[in-house]
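Next come two complexes built around chain A: one with chain B, the other with chain C.
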Partner chain A sequence: MGARDRHGIDPPWGEFRHVGQGSTKIDGLAKATGAALYADDLSLPLMLHAKTLRSPHPHARLRAIDSGAALALPGVHAVITGRDLPVRYGILPWSQDETALAVDKVRFVGDPVAAVAAVDEDTANEALKRIRVDYELLHPFLDPRESLARGDPPIHEDRKEGNVSKKVELAFGDVDSAFAGAAVVIEGDYDFHGTTHAAIEPHCVLARYGPDGVLTLWSSTQITHYVHRALSRVLGLPPHRIRVIQPCLGGAFGGKSDPFSLEFCASLLAIRTARPVKMLYTREEVFYAHRGRHPMQMRYRTAAGPDGRLAAVDARILIDGGAYSSYGLVTTYYSGQLLTGPYHFPAYRFESTRVFTNKPPCGPKRGHGSVQPRFAFEVQLDRLAERLGLDPFELRRRNLLGADATTVNGQRVTSNGFARCLERVEEASGWRQRRGRLPRGRGLGMAGSMYISGTNYPIYPNPMPQSGIQLKLDRSGLVTVFSGGNDIGQGTNTIVRCLVAEELGLQLEQVRVVAADTDLCPVDLGAYSSRGTFMIGNAVLDACRKLRGTLVSAVAESWGVDPRRVRFVDGAVVDLEDPGRSLPTADAFQLAEARFDTLGATGSYNTPSLGGDYRGGTIGASPAYSFTAHVVEVTVDEETGRITCERAWIAHDCGRALNPVLVAGQMEGSAYMGLAEALVEEHEVNRFGLHRGPSLLDYRLPTSVDTPELHSLIVESLDPEGPYGAKEAGEGPLHPAIPALSNAVFDAVGIRLQHLPFTPGKVLKALRAAAAERRPAVAAVSGT
Partner chain B sequence: MLRLPSFRLEQPDTLPQALALLDQAGPEAAVLAGGTDLLPNMKHELRRPSVVIALSRVKGLTGIAEAADGAIEIGAMTPLAEVAQSALVARALPALAQAAALVAGPQLRQRGTLGGNVLLDTRCQYVNQSHFWRSALGFCLKKDGTVCHVVAGGSRCVAAASADTVPALMTLGAVLEVARHDRTRQLPIDAFFVADGIVNRRLEPTELLTRVRVPRPAAGHRGAYGKLRERGSIDFPLLGVAARLDLSEAGVVEHADLVLTSLAAAPRRVAGAADALRGSAPGHAPAEFETAVRRVAELARRQCRPLPNLPGDHEWRGEMVPVYARRTLLAAAAGQGPVHHV
Partner chain C sequence: MLVRGLRRKIGVILQLQVNGDVHEVDVPDHWTLLEVLRYRLGLTGSKQGCDKGDCGACTVLLDGQPAISCLVLAREAEGRSVLTIEGLAPRHVAAGGCGVDPVQAAFDASGALQCGFCQSGMILSAWALLARNPRPRPEEVRAALAGNLCRCTGYTQIFDAVARLATAGAATAPETSPEAVRD
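What follows is the complex of A and B.
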């Protein structure tokens, strides 16, 4: 990290004008009025519509495809199969095992096999029905244990490790002796089921291949840059002849952070037909594209001293990856690497194994790889507190990692507001007065967590900046910001506007943001790993600071005053010592342009080198960590087994809250999502290898009446390296929701829920088991 | 988005026109009320009508009115929201008002009609899926296939009757008014459903449901509806329970009924419920009444075994039968309800 990557935490002009204000989103009005243009709103003359033929089998070899009858159908312009797009891709350079259309095998029900472009969707659908595919059925793997046990038939034939996708074993400190000498050891098995993102906008692309040989792809992606690279690789087109644009996006949550089949298919179809081609997934296809949260079977052992101080943690995790690698390598690392805060423990070992199964491929979902272990671990801690007769808050306070610390796996932690997060939720929930004193059936539970603000590890190793920004200053007083960042609804562009306005003393409407267009914008790596605010924000400050001096000196020179007297504020330039003297910023821009030249600047951000000195030590190493604590209040109906989450308090240390409304939105959305995963959402493949219910009727997302009262409590530990001290808020706040809920159920009715989702049927079984365990004791008492 | 297969749309203005169109088209036609069941089923290619006859312009099919004999008559095209909000229905037929208010979510209740609800197709996790999905499964008895995936080796479709208002209407002794181009008939709703998941309604393809007639219950009528579902809105019932208690002036149960749905292809009346409850007095001897209610809940448990036809844990649905039976009867007695978790 260069000095220019550290911009301090102070306001640029004495006091913040926009930061901390919670201005409305840059695209809020457009979205609310329907004016916003999403990918499916775009349409071009002569546009064709494309559809995908998918495998009806979970595992099969492709013997032959006959698309003659489809091609013969009037209105059909092109049919492509795997042979037309044989080049493999994958988001990580080390595990490129996908093709846009199946080449020799299909690996899950829904795997793309062929694509058709036709004059309209109905004709394309009709054509799909005429494609004949000859399959040779293979044994489907639906249970990850079976994939672990046998590699025959292999799901990916060129893998040496059978059906194992990735295995990571890491150990830090002397785990075995810590366990041998521990006063208490808590052991437990935990299951995390599959869940998916269910963003409201289905994946959609529009491709155009111009007579100039330039391919333009509008795609509902959260990673324009990687899509750009992948298109170039698979289509064999040089990258300078490809332009990728992300239009307004209707949510992603990690579900649009891989290159997807439709991006390649629509592009090739546009090239082949010389007509624009649109492809919009159905909701069912979105469930097949998936990349949702990995199911994990986890075994944890936690050792502690008699005072509750953690001595060691030992984890074994089996990860069900589905049919392809996607981000699986990172997931496998994250499942262990991200657990080492906000508590200190001196010894740690984990063994994580990801296997392939014949199911839709898993990938990154909000809180990538670490939501599942966090659930298990925070329930372990609750059990430890119970065993030792300690309050769960107290147990956590005894183990605080603190600020400016190094974790057991060598991660550098700078700012840390976790202790304050604990205080806030403890106080707001009335924990001390209420916990343990509520009537049976009602309970409180808590949990904590830590998460990254981006990592120092780009997805393909390279020494270039992770985020770039370009500014153009206009004589009109407008600043146009070109940002590679992907605003997927989280508000990146709103933050960019806020920071530019702050740095250059402008009103918000004087800043326009052009984003996520590879022709116009410098590279940013994309919306993942909660890196946006931190990295793009720093790049913005870098660019603005290069211009500030120019602007100030032009004005100072014109006024003949010391530059220190010149202040940019709210769209004007004022003289600090002569209140009568001021200029509109537009005039200042003109002075500067006349004096220096056309105005513009670039800025960038790159992480410092971080991470432990071992293989995989950089994965999960972040320039700053966010912290979260939750208290969840539940009622349990012991007759129906139904858990109702009544209220949740979420305290989140996001560093400086640049826009508290956006931060609170992320906190509420995260808690909503976590609680939903715990109680109702289930991405499940049935015994036939089919997704149980690939629709928004059967995949149950909570409605407004199912959503508890959510209280967001923002904690601001100003981070020395974040833009004005900001960190992240997009993913961290989700983590504690699920264990806090489980812990609350324990407080309410005395059962431990360790196998997600917490369906009422499971709750009833657990209640019966607990009652059966109690009964002999009751008999003994009444016998005396 | 899933595409709607193409069809010819007819929009008759009068009932005779509609009936004539239906007579001409026969089984090729589908009747469109609110479309909230028909259109998803068409998108899933469960039905491919060449003609769709929309009833939205036909006059005289909507509204809630009191007949001279005190019966309450509800036009088949009356939106569920209207049924749910009607003061008359709420007062006289509380179980129906409660059931209508719990169908789907607010938007769907604006579009969905009472007639469409009565005629709702049966539902199953293996059939309410896209054509692609069903083809991957190899189809099933109900549509395009030869086997059942719910009951292995089963030769009969057991897709679940899922309409919320039907059990309520059954406890209320509703009569369906059905018209054909050449005649009209009155059908007690009890005789309308058969235990066949492929088609569980006794309605000829050329017939229209025009009206639902509910005899005015006795002054001491109490009714309630209980609905089990995962979410507090949108979801179809995993179990629906309608209870009826008619109390004498002295507060003694003179007549009682309990009907459950979302089990198998037809709704089910709990045999013995009326006998067990008759003579008890919820207000005067609540303990005795509760004992009777528990007995009925146990009868319900023994008679109603939900199948794995709907998504989710059918064993839990089975466990909920006596719980919802009891709670719904108690709610009816107390003049409360619905029994619903939110």
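What follows is the complex of A and C.
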């Protein structure tokens, strides 16, 4: 990071006019009126509809595919199979093991096998029924322990380590000595089941191949740039002949951050037919496309001194990756690397192993790779506090990492508002008066966490900026911003508008944002790793500051005054020493254009060099970390085993809250999602490899009636490197929800829930076990 | 085109009244109201999230009542008045208002629109609730919106939006508001 990447935390013109105001979203009214266009809202003349044939088997070799009868059906324009798209891809350059359509094998129920383009959806569906596929069935691996134990038959033939997808072993400090000398050691096994994103918009693309040889793909993706690269690779088209556009996006949460089969298939079908082709996944297909949160089986050992100070942490994690690598290499690192705050511990070891199974592939979901270990670790801490007779808040306060610290695995932590987060939720929840004092069946639990604001690991190694911005100033006083960032509903474009208006002293309506179009916008790496506000924001400030001097000097010259007297504010330029003198922005822009030529600027951001000096040391290294603490209140019905989450208090340190309404929305949405994962959601396949309930009803998303009261408490630590001090808010606030809920159940009824999801059956079983432990003699008598 | 082996038949001509206009549309007889709205009339504001009545993103008002348009065959909507999200602002303007409908404005002002995909249905459900009960209690708001899944917001800012609309003397108050609890 050069000097130009640090812009300070102060307002550019004395006081903030937009930052902190909670303005409405740039596209709020378009969405509220139905005018916003999502991928499936687009259509083009002569458009064909495409459908995918998917494997009904979890693991099988493809002997032959006969698509003759499908092609013969009137209205069918093309059928493609794996032979038409044999080039492998994958989000990470080191593990490219996917093809758009199966080439020689299928590896999960739902693996794409063929795609059809037809005049309408009915005809395409009918054509799918006429494709004959000859499968040779193979042994399906549905249990990750079996995949770990044996590699035959291999799920991926060319892997050296059987069915192991990735293994990471890292150790820091003297772990064994720390355990040998510890006053207390807490051990525990924890299971994280699988969950999925379930964005309400299904994946959809529209592809057009023009007579100019340019392929345009509108895709519901959260990573335009990587889709662009992957299309070029797989289709063999030079990237300058491909344009990827992300229209308005109906939710993603990580579920649209891989390149997906439909993007390649619709593109090739458009090329083959010379007609536009749309493909829209059904809800069932979305469940199988998945890339959701990895199931993890975790064993933790935590060592501490008699005062509760942490001495060492040791973790072994088995990760069920599903059929392909996806982001799995990063997931495997993240499962260990992101645990090293907000608490200090001097010794740490983790061994994480991701294995392939014949199930829908897992990937990144909100809080990628670190939500599962965080659940285990924060329950461990609660058990440690219990053992030592310490309040859970006090235990955590004794172990604070603090600001300007280095973690045990070498990550640099700058701003840190975690202590304040603890205070806020402790106070707001009435913890001191209520915890341990509520009637049996009601309880409070707490947990904390830390998360990244982007990472310095750019997925494919390159020295170019992670984020770019381009500004164009118009004589009308309008500024058009070209941003490569993907606004997926979190409000990136709203933040861009806010920052440009702040920097150039404009009204919000004077800024328009053109985003996520690879023809028009500079590269930004996409909406993942909670990198948007931090990186795009810094790129915006960089671009604006290159223009400010030009604008000010043009006006100062025209007025014949010292440039320090010129201030841009609220759509005008004023003379600080002569209140009577001012100009509308448009006039100032015209003066500057006349004096200096057509007005525009670019800006960019790249991370500083970060991370530990060891293999994998940069994975999880972030320019800034966010911090969160939750208190969750539950009621447990001991008759039915049902847990009801009544309310949750969420304190999150997001640096400066550039838009507190957006930040609160992220905090509430995160907490809702985490609590739902704890209690109801479950992404699981049965012994045939079939999803247990691939519908939004069976997957059981909480409704407005099921969702608890959520109280968001924003903590602003002002990060020295974030734009005006801002950090992330989109993923961090999810983490503590699950362990806080488990800890609350302990407070309510004295049972430890360590295997997700916390179903009534598990609660009843734990209650019975606890009762038997309390009254062993009575239980023995009644059992006779 | 009649093709052997296809379930599709020659379409029927339907007469539908949508947002005050009467349309004659020729569609396959198995098409739902949602498909007609989106793919024949260009009214893409009603969204398809599941196509089986689970998510509520396709909610429209049929004779003023919320209905899941992916579960309504297009022909069942004949003779009934359909109001979609696109019809709200024009209706408000025709009644002498300006800008968008107050329900739309309140959702915007409360930050209730994140990805926005569920919001057409959500706004129409809220609109129907407020039309029959201008001062809903919080539990009535929750119940009225229970058919509309939102994956982004945790519903809180949606409740705030409806609470904003409750008229003077309302029993409702925002359950949380970010301004009120900010550090």
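Note that the second predicted complex is superposed on the first by the 776 of 784 C-alpha atoms of A that agree within 3 Å, B and C clash if a C-alpha of one lies under 4 Å from a C-alpha of the other, contacts with A are read in each partner's own complex, and residues count from 1 in each chain.
Convention: a residue touches a chain if its C-beta (ideal position, glycine included) is under 8 Å from a C-beta of that chain, and two chains touch if they have at least 3 such contacts.
All values reported here derive from a predicted model rather than from experimental measurement.
The wider contact with chain A, measured as residues touched, comes from C rather than the other of chain B and chain C.
Shared-chain residue A:715: touches chain C; no touch with chain B.
By the touch criterion defined above, A:201 lies against chain C but remains apart from chain B after alignment on the C-alpha atoms of chain A. Within the superposed three-chain model, A:551 lies out of touch with both chain B and chain C [touch as defined at top]. Looking at the shared chain after the overlay, A:663 reaches chain C, while chain B stays out of its contact range.
Within the superposed three-chain model, A:693 lies in touch with chain B and out of touch with chain C [touch as defined at top]. Look at A:253: by the touch rule set out above, it reaches chain C but stays clear of chain B. Shared-chain residue A:133: touches no atom of chain B or chain C. Of the two partner chains placed by the overlay, neither chain B nor chain C lies in contact with A:114.
By the touch criterion defined above, A:123 reaches chain C but does not reach chain B.
Comparing the two interfaces of chain A, the one with chain B and the one with chain C have residues 122, 202, 282-283, 695, 697, 703-705 in common. Contact residues on chain A toward chain C in their complex (touch as defined above): 22, 24-25, 27-38, 40-41, 43, 73-75, 120, 122-123, 126, 197-202, 248-253, 282-283, 420, 424, 428, 488-491, 657, 660-665, 668-673, 695-697, 701, 703-705, 707, 709-716. Those residues of chain A that touch chain B in the shared complex are 54, 56-57, 109, 121-122, 125, 202, 280, 282-284, 637, 639-642, 644, 680, 688, 690-695, 697-698, 700, 702-706, 759-761, 764.
Per the touch definition, chain C reaches chain A in the complex via residues 1, 3, 5-8, 28, 38-39, 43-52, 54-55, 57, 84-86, 88-89, 100, 104-105, 107-111, 113-120, 123, 141-143, 145-159, 175-176, 178-179, 181-183. Listed in rising order, the residues of chain B touching chain A in the complex are 1-3, 6, 105, 125, 129-130, 132-133, 135-137, 149, 230-235, 311-313, 315-316, 319-320, 323, 341-342.
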